[in-house]
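Across the two complexes that follow, subunit A remains constant while its partner is subunit B and subsequently subunit C.
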Partner chain A sequence: MRRRDFVKATSVAAGATLLEGCGSPEEQFIVQRVRQTPELPGESGWRFSVCRQCAAGCGIVVRVVDGDAKKIEGNQAHPVNKGGVCALGHSLLQELYNPDRILQAQRSSGNRGSGAFEAVAWDDAIAQVVSAIGAVPADRIAIVASDRSGLTGALWRRFAAALGAPAPAFLEAPELEVERRAAQLALGTTDLPYFDIANADCVLSIGAPILDPGRSQVHFTRAFADMRRARPTRRGRFIQAEARMSLTAANADVWLPVRPGTEGVLARAIAGHILASGSVPADAARRYRVLFPGDAPSTADAATQCDVPEERIVAVAEELRTAERGLVIGGGSAAAHSNGLANVAAALGLNVLLGNLGRVGGVFAPASLGLTRTVEPSNPADSPIAELAARLRGESGEPVELLIVADADPVHALPAGWGIREAIGRVQTVIVLSSFRDDTALQANLILPLATELERFEAYESPTSAGVAALGLAEAVVEPMGDGQHPADILLAVARALPESVASRFTWASYEALVRARVGEDLARMPGSAGATASAYLSAAIDRGGIFGDAAAMSAPSGPTGAAPELPGALSEGGPEYAFGLLPFASVKNGDGRGANRPWLQEHPDPLSTVMWGSWVELSPADAAELGIHDGDRVRVESQTGSVETHAVIDPAVRPGVVSMPLGHGYADNGRYAQGRGANVMALVGAGRVDGTTASAWAATRVRITRVGEGTMVRFGRRYEGGEPELIPVGWAPQQTSQLVQIRGARV
Partner chain B sequence: MALVMVGCSDELPPPPPQPIAFSHSVHIENEIECTRCHEGVETQAQAGLPAMAACASCHRRQAADHPEVVKFMEQYANGNGEPMVWRKVHVIPTSAMVHFKHSPHVRAGVDCATCHGDVGSMTVAQQVVDVANMGWCLDCHREQDASIDCMTCHH
Partner chain C sequence: MTRWGMAIDTDRCTGCGACAVACHAENNIQTVGEVEAARGRAMHWMRIERYYEGVFPDVKVRFQPVLCQQCGHAPCEPVCPVYATYRTPEGLNAMVYARCIGTRYCANNCPYTTRYFNWFAPEFDAPLERQLNPSVSVRPAGVMEKCTFCVQRIQDAQEVAAQEEREVRDGEIKTACSQSCPAQAITFGDLDDPESLVALLARTERTTHLLEDLSTEPSVIYLRGGR
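Our next item is the complex of A and B:
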C-alpha cells in the first residue's frame, strides 16, 4: 500500500480523528492486508533488485515493510559488488519517493524550455509518440539512449533498424569509447577488459579513477581493499598517475601528479626502462612492438615532459618490473585529452610487457552471456554521440526532426562546445523518457516517466568489471508510484502500435517476456543450467538476484592488434590568457548529476573538499595567492566556450596550473534539491575530440579564474558564516514535507 | 530522559474508532486463541494481524449475516484490493526511539494481559496501561530482573 493511499484510507477508516502531537500518522495505524504476504504487517522483508544508478549494475537487496521500500543494501551473491553499495545506490530511495518525480506523462503547454507542462493520459502519450514517428521521414529521426551494453540497448538498435532510422547513439562517460578502442589495440579485446586488481601485488593506474564514482566504484573499492589486506603476508601497492588528487589518488601509496596530457609519455618511458632491463621475455617484447614499434622516450625526457622527477619514474618502473604480479590500468582523464587514445594504449600495453594477459592478478577478456544476440541487428553499429550532435547542429548527415531521448540527459552531460542546448531547441519534436525535468526533459514536447528499478522488472548485464558474466535479475519490489515504466516496456508499447512492418519485429509482450524468452532460447549456454528447465532456472536466478558466470571461464585477451597512434603533445583549447587546465570529475556527491536531486547526496560532503550543497573549483594555494583568492570566495571560471560562477576551494594537494570542478551541478530544474545549485562544469568544456575517436576531449579545456567576491560555502565540520541559513524541506514522500532539515547554505 | 510522548495527554486515551466493531471477547468465547490471529507474537517483533482472506475464510460461513461481518466482507470482496486500516490501541511513538519486540516478552512468560489488559473480555479493545510510560516498563523489567540497559529497548 502506498503512503498516499494509506493517508487516504485512514482518513476514510478513522474519520477526521486527531493525530496532532503524537508523531507521524503511520505509527497510529496497523494495516490489515487483503492477502497473505510473506511478512506480517510491520515486519521487514528483503527483496533482490538491481541498482541502475550507474553502468555498473550492482545487485541490491531492498528492505520492504508493508509494501514500502525502506532501506537498500548490497546483494552478497552478485559478483560486481559482493554485498557493497555506494552512496548513490543507498539514495535510490530518494528517487523513488522524490517529491518532484514525474509520475504521469506530460506534454509541453508553453514554449519549450519554459518548464510549462500539462498531464496527458498514458495511452494518449503513446499515441502521440507513434504519431510523431509517422510524421517524419525515418532518416530524420534520432535516438539517444543510456544502456549501451544491455538488452535495452539492443532493443533500441532493433527499433532504429526497424524504422529505417540511423542507429541510436548512447550517452556514456566519453572516455569509455577511448578506453575500449585502446583496449582493442593494446589487448585485442572487443570491450573493456577485466583487471584482476584484487590479486595483483603492484598496480599502476594511469588516470583511471577506479575508486571514484562512475565505473563500478563498489567493485573496485572491494578489489582495492582485497589487494591491500586480503593476503596476510603481502600488502599490495597502488600508484596513481594523474594530474588531479582524485579519491583514487588520495588512497594510493604513491601519487604522481603528472602534467595533464603527458600520461602516455610516462607509460612509454616506463616501458622503455623495463625493456632495457632485459627481463622481458622475447615474445612479450615482440608483441609489445606490434603496439609501439618505435623507441620509447627516456626517463629523463619523460621527467621533463611529465614534470615528475626522473628518480620517481624509475622507482615506479622498477617496482612494476620486480613485482610478482604487476598490473597497469589506464583511462579517466588520461583518456580525455586530444592524445587520450595514445595515452591509454601506452598504459594498457605495459601489461603485455609484464606478461599479464590471462594471468592471476593480470588482465582478462570481457565476459558476457550474449543475450543481446538475435535481439539487435546482425551488424550493430551505434551512432557516435558526436555524430548525433553534428546532425542536431545541421552540420552533417540528415537533419533531425524527431529526437527520442531515453533515460539520458545529453543537454546537461555533453560539452557546451558541442552546442546541443541551442541545437535541440530547433528540433521539431523532442520526446524524452525521464523521471525528472532535467535539462533535456525541459526541452521536450512530451515526457514519458520512467519507473525506478524498484518498481519494475529489471534485467541488466553488468559490463565486464567483475570478470565473470553477471546478469542482475529482479522482479518489482514495490508497487509503482505512478504510470512510469521500464524504458524497454515503453519502447515495446510504441513499437506494437506502429505499422505491421515494425510491430511484427517486436512480438514480446513486455521486457520481462523478452528476457525470459532469451534466457530460455540460450538456456544451454547459461552457467549452471544443466538439467534445469527454463522456468525453474529463471526462478532460481531471480531468487538469488541474477545469473552469474563462473570464474573458471575467464579467458586471456589475445594481445595487441595493431600500432597505437604516436604520442603527440596534448592540444588544449584556449590561448595563453587561459592559465589553467580544467579537469572535470565525478564526485561521490552527485555522480554525473543523477544524485543532484537527492538531499542525502547534496548533504553528503565531498570526501576531499568537504563541500556540501553546491559546486566548487579546486585550485592550489600558489595559484590562489597569485590571484588574490581565498578559500570559499566566489570566483568566475571562464573558458573560450563559456563562463560559470562557483566557490573556490584551496587545496594544497592540487597541482599548480590545474583546476578541477565536479560534474552534475547547475540544473535549471531537475527538482527542488538540484534546481539552481552550483554550476555545470560542462558549460566550460569545448568542442575538442580525442584523436582517432569521436569522444569528447573533456580534459583539454583551459580556463582562467577571477575573484568575484566573498562567498558562503557549506563545508562539513566547519562553521558556517553566511548569515541566515536556508531551510530546505526534506520529506520522505511527496505528501510529507513538514519535516524541515536545516542546512547552512545559500544557493550558489 | 526525554524519550516520552510529547504533546499527548497523561490520561489513557479512549478506545480509538475502528473500521469494524471487532469484538475480541466473541472470538475468545469461540476458543480462538490469541496466537491464531496474532501469529507473530511468539517469534517476531510485531504480533501481526491475519490477512483479510483468513478472516473471510471463516466468515463466509460463520456469522455471515452479522452487520459488522457483512461490512467486513463487503470491503474484502469489493474493496479493489484496499486493505483494512485499523487504529492501534497501544502506541509507542516513533519519537521514543523504541524498538519494541513482542517475541522476547512472550517467550519470557509475560502474559498478554500484562500490557493489553484482559482483551478477551473486552467487546472493544482499549488501553489499560500507558505503554509509552518508560517508568512502567522499567518497573516490570526490574521486577523480572530483565535488562534495564538503555540500548535494550532504545535505538
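Our next item is the complex of A and C:
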C-alpha cells in the first residue's frame, strides 16, 4: 500500500466515525474537492494572462499557489500560440521575481548616467512628471513608446496630440517598417499580411526569421510543424534564403546562403523563371508587372550575384512553381540592407505570380478589432525613430528638452551610428518607464517602474500574426510586488494631473476602464457578440483569455499598388579594410535584450552556438584559420562606428566573409545577471538607412576582426576543433538505427 | 499495466529550447552561474543537442532534444550502491534523493549523460524562490538529479482520476516540456495502451531510439525527420 493510500484509508475511517449521522460523509468531507476551490492554502489555481515579452502577445495561463506565480503555460484557445510558450515567455516569472527589479520610483541622485538613484514616493514622482511637462514648450517634448499598433500606443498618440507635442516614436524591430512598406506596395495591405504557412506545400522565406524570436516565434513554429506533419498525405517543404544560418535556416529543408544584400535579385530571378515558364495566368502576370515593370535578371545573373549555383535557383523556382500551394515570405536581414525595400517587395511580389492571395496556404490581409480607432487622433502619424534621433542630436527639428521613454530601451537597441547614447546626455530631463536599470533608464532623471503583465489588468491585441484578430484580455493574477503600474495607467495618471485642456481628453479612470469602454462602444463589431451585453461579453472574454476573431472572416489582400524600387546593389558602411559583413540577430537566449537579466535564459544555450552566459561572434572555419583565431578566443570586432570585444565561435555553417553577433548583450547595468556580460552588437552598427524608408539598415555594416588572446567561453556543447565539422557523438545515427528497427521486423 | 513513454518528433522540433526552460520552471532546477557552467556543471534535464553534417554551403543542422530516456534496462540502476535509483512499476527510472549519497556512479554509467549532480546547495537570489514549484522538492548538495517525466504531474492526474473513479485519460498528463512545446513535437502517454497517441507514434516507420544498440530499452522514442 502506498503511503498516500494508507493516509486516505485511515482518514476515511476517522471521518466516518466523526461525522456519523451527517448523511454521507465521504461526499461532503472526505473527498478532496480542492480542484474546485483553488484558494485553499497550498492549492493551485490557474489564471489567464497575456504575455508581453515580445510583440506577439501570446495567451498564457499562470499557476498561482498561495498568491505566488509558479509556472506559465500556454492558453490553448488563443489563436496566436495555441497552447505553446517560448523560452522568453517562461522567463517572465524571473522578471516578476527578479532580485534587481525596480519596485519604487527612483530619482537620479548623482550625475546622470552614474547609476546613483534614490527612492521617491509614487505621487511625488507623478507630480515631478507633470511639472517637467509644464516646464518646457510642448514642441520640445519627445516621446518614445512601445505597442505601436495597440491601445497603449494609441494613448501615447492621443497624449502627444493633446499636449501639442510632436507625435510619439515607436521602438520596434526596424525591419518591420520596411516589411510593412513592401507589403503595401506588393500586396496592398496597410499592415503586415498574414502568411498561412501551416497549409502551404512549399514555403520560400527570403530572409524572414520566422522561427527565431522577435516576430511571433510560437505561432510560426506551430505553423511550420503543422505544415510538415499535421497533414497525413503531404509534408510541406521549407526553403530559407538567408546569408546566416539562423534557427529558421537550420530547420529548412533547403538553405540558400545568398550573398547578403542580394536577396531581391534571387526573388526577381525566380519570378523571371516562373514567368518564362508560361504557366502564370495573364492577369497575375499583368498585376506583377505593376510592381516590377522591368525585365527580371536571368537565373545565371542571379547565380553570379547571389553566389548560389544556378541549378539550385532553378530547382527552387521549379519547386515553387509546381507546388499546389506555394508561398513566399520576406523580411529579416533581407529588409535591413540599403536596398531592403526592393528585396522584400521582390519576395512578396512572387505571391502574386503564384496566385495565392486569399487562398488556403497563401497570403491574407491583416485583421484587427479596430479598438484604437477613437482613442488616437483621426490621422495618426508617428514620428520615425530616426527623426527623433536627429532631433536628439540637434540636427533637425525642434531640440529636445524633455524625453519620455515608455517601456523601451532605445539607447541599447538603436544603432550606435545614430548617436543616441551621447545625445541623450544633453537632454535636460529624461523620464523613463522601466522596471530595470537598462541602458536608457541609467540616463534618466526619473524612473517610474512598471508592473509586469501578471500584476496588472492587461489588454493586448496581437499584430496580425495569427491571421485572425486576437485581443488578449486578463485581470491581474498576482498582487503587485511594488508600486509599478501599466504604462497606460501611468500615462492616464499624468494626464489627469495636467491642465484641463489635456485632462479633459483622458476621462477614463484606468486602462481597464478604457478597454471596457472601447469594447462596449464597438460591441456590435466584436466577434461572437450577438445578443450579449457588454459586461457579459467582457466577462466571458476574460474567462477564456481574450476576444478572438473568426477564421471565416479572413480576407484576401488587394494586390500590387505601385512600382517597387528597382534593385540597386546593397551599399555597406566600411571600406576594404573591413573584410566582413556583420549580421546582428536575435537569439532565443536573450531575445532583443529582454531576457538578459534572467538566469534561466543566461544559462540557456543558444541552439546553434551553444554559448551560455555571454555574447559571441560567429566566424567561418576558413576565415578563422586565415586570421589565426581559435574557437573561444577573445576577439575585437571593429566597424567605422565602434569597437567591441567578445568571444569567437567557429561554426561550419557560417558563410565565409560574413560574421554574426546576437542582440541583447553588453549592458552597463540591467541587474546582476546582465551587467557587463558580453558586448552590444548595436555598438558597431552605423547610421545607414534603408532606401525609401526611415528604418535602420542594420545589416549593412562591415567590420574587421582581430584576435586579442585566449578566452574562456562558456559553452554547453563541444568545441569545433580541426577541419571536420562537429559530428554525432557515440553512435547516434538515426537512419542506421531506423534500418535496424526495420531489419528486426518492427520491433517497437 | 502502465508504461509511461514519450515520443519526440524531430521533424516538428525546431530546437527553440522552450522545453528546456519549461523544465527549469517546473522542476526547480537551479542555475549554476557562469563559472560553474564553464566547468560543465550546468543542469539541463532537457537539453537540445545540435549536430552539423557536411561543410558549407551544403551543411545541414539537426536538433535533438535529449532527456533521461527512462530505460527499461537502465545502466544507471545496478551501479547505485544505496538503491537510490530504481525502476518503478510504471516504467519510470526514479530517484530517491534522500537515499543518494553522491557516488555519481549512475552518471558515470548513463550513456545519454542525462544525470546532473548538485555540486553545491541550490541558491535562489531572493525573491526568485517565490517561483519555486511546491510540488517538487529542491535537491540539496551532493545529490544526483535528472528528468522524472514530471512525476508530480503524473501523480496529480492519477489522484484526480481516482477521485472521479476512472482511469487516467490519454493526453490528460502533459509533462512540462510537452505542454510548452510550440511545435507540439513532444507526446507523452502510456506505451502499454495500444490506443494511446504515443503508442500509435511508436508504431510508425519513423521510429528510432537513442543509442539503440546498447539495448537499454528507452521509453523515449524519436521520430525521424524528413530532411
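Following the convention adopted for this analysis, the second predicted complex is superposed on the first by the 678 of 748 C-alpha atoms of A that agree within 3 Å, B and C clash if a C-alpha of one lies under 4 Å from a C-alpha of the other, contacts with A are read in each partner's own complex, and residues count from 1 in each chain.
Note that contacts are C-beta pairs under 8 Å (C-beta built on N, C-alpha and C of every residue); 3 or more make two chains touch, one makes a residue touch a chain.
Just so it is clear, the structure is predicted and the values come from calculations on it, not from any experiment.
*Asks:* Which partner does A:Phe224 contact after superposing on A: first (subunit B), second (subunit C), both, neither?
*Replies:* A:Phe224 sits against subunit C, while subunit B stays out of touch.
*Asks:* Contact-wise, after the overlay, does A:Ala509 reach subunit B, subunit C, both or neither (first, second, both, neither)?
*Replies:* neither
*Asks:* Mind working out whether A:Ala116 is in touch with subunit B, subunit C, both or neither, as first, second, both or neither?
*Replies:* In the superposed model, A:Ala116 contacts neither subunit B nor subunit C.
*Asks:* Of the partners subunit B and subunit C, which touch A:Ala536 in the superposed model: first, second, both, neither?
*Replies:* Touch status of A:Ala536: no partner.
*Asks:* Of the two partner chains, subunit B (first) and subunit C (second), which one does A:Leu40 touch, if any: first, second, both, or neither?
*Replies:* first
*Asks:* On subunit A, which partner touches more residues: subunit B or subunit C?
*Replies:* Of the two chains, more subunit A residues are contacted by C.
*Asks:* A:Trp600 in the overlay: touching subunit B, subunit C, both, or neither? Say first, second, both or neither.
*Replies:* A:Trp600 contacts subunit C only, not subunit B.
*Asks:* State which residues of subunit A lie in both footprints, the one left by subunit B and the one left by subunit C.
*Replies:* In subunit A, positions 31-32, 35, 42 sit in both the subunit B and subunit C interfaces.
*Asks:* Show me the residue ranges of subunit C that touch subunit A in the complex, using the header's touch definition.
*Replies:* 9-18, 20-22, 24-26, 31-34, 37-38, 42, 44, 47-57, 59, 61, 63-64, 111, 125-134, 159-160, 163, 176, 179-185, 202-203, 205-213, 221-222, 224-227
*Asks:* Of all residues in subunit A, which touch subunit C in the complex?
*Replies:* It is residues 4, 31-32, 35, 42, 65-66, 68-74, 81, 83-87, 89-91, 93-94, 96-99, 211, 217-219, 221-222, 224-225, 228-229, 235, 245, 247, 249-251, 253, 255, 257, 308, 481, 588, 599-605, 607-608, 610, 612-614, 620, 652-656, 672, 677, 712-714, 716-717, 725-728, 730-732, 734-735, 737-738, 740-742, 746, 748 of subunit A that touch subunit C.
*Asks:* Residues of subunit B touching subunit A in their complex?
*Replies:* Within the complex, subunit B touches subunit A at residues 5-8, 16-19, 39-40, 44-54, 76, 79, 81-88, 91-95.
*Asks:* Which bits of subunit A are touching subunit B when the two form their complex?
*Replies:* 1, 5-6, 9-10, 13-15, 17, 20-24, 27-37, 40-43
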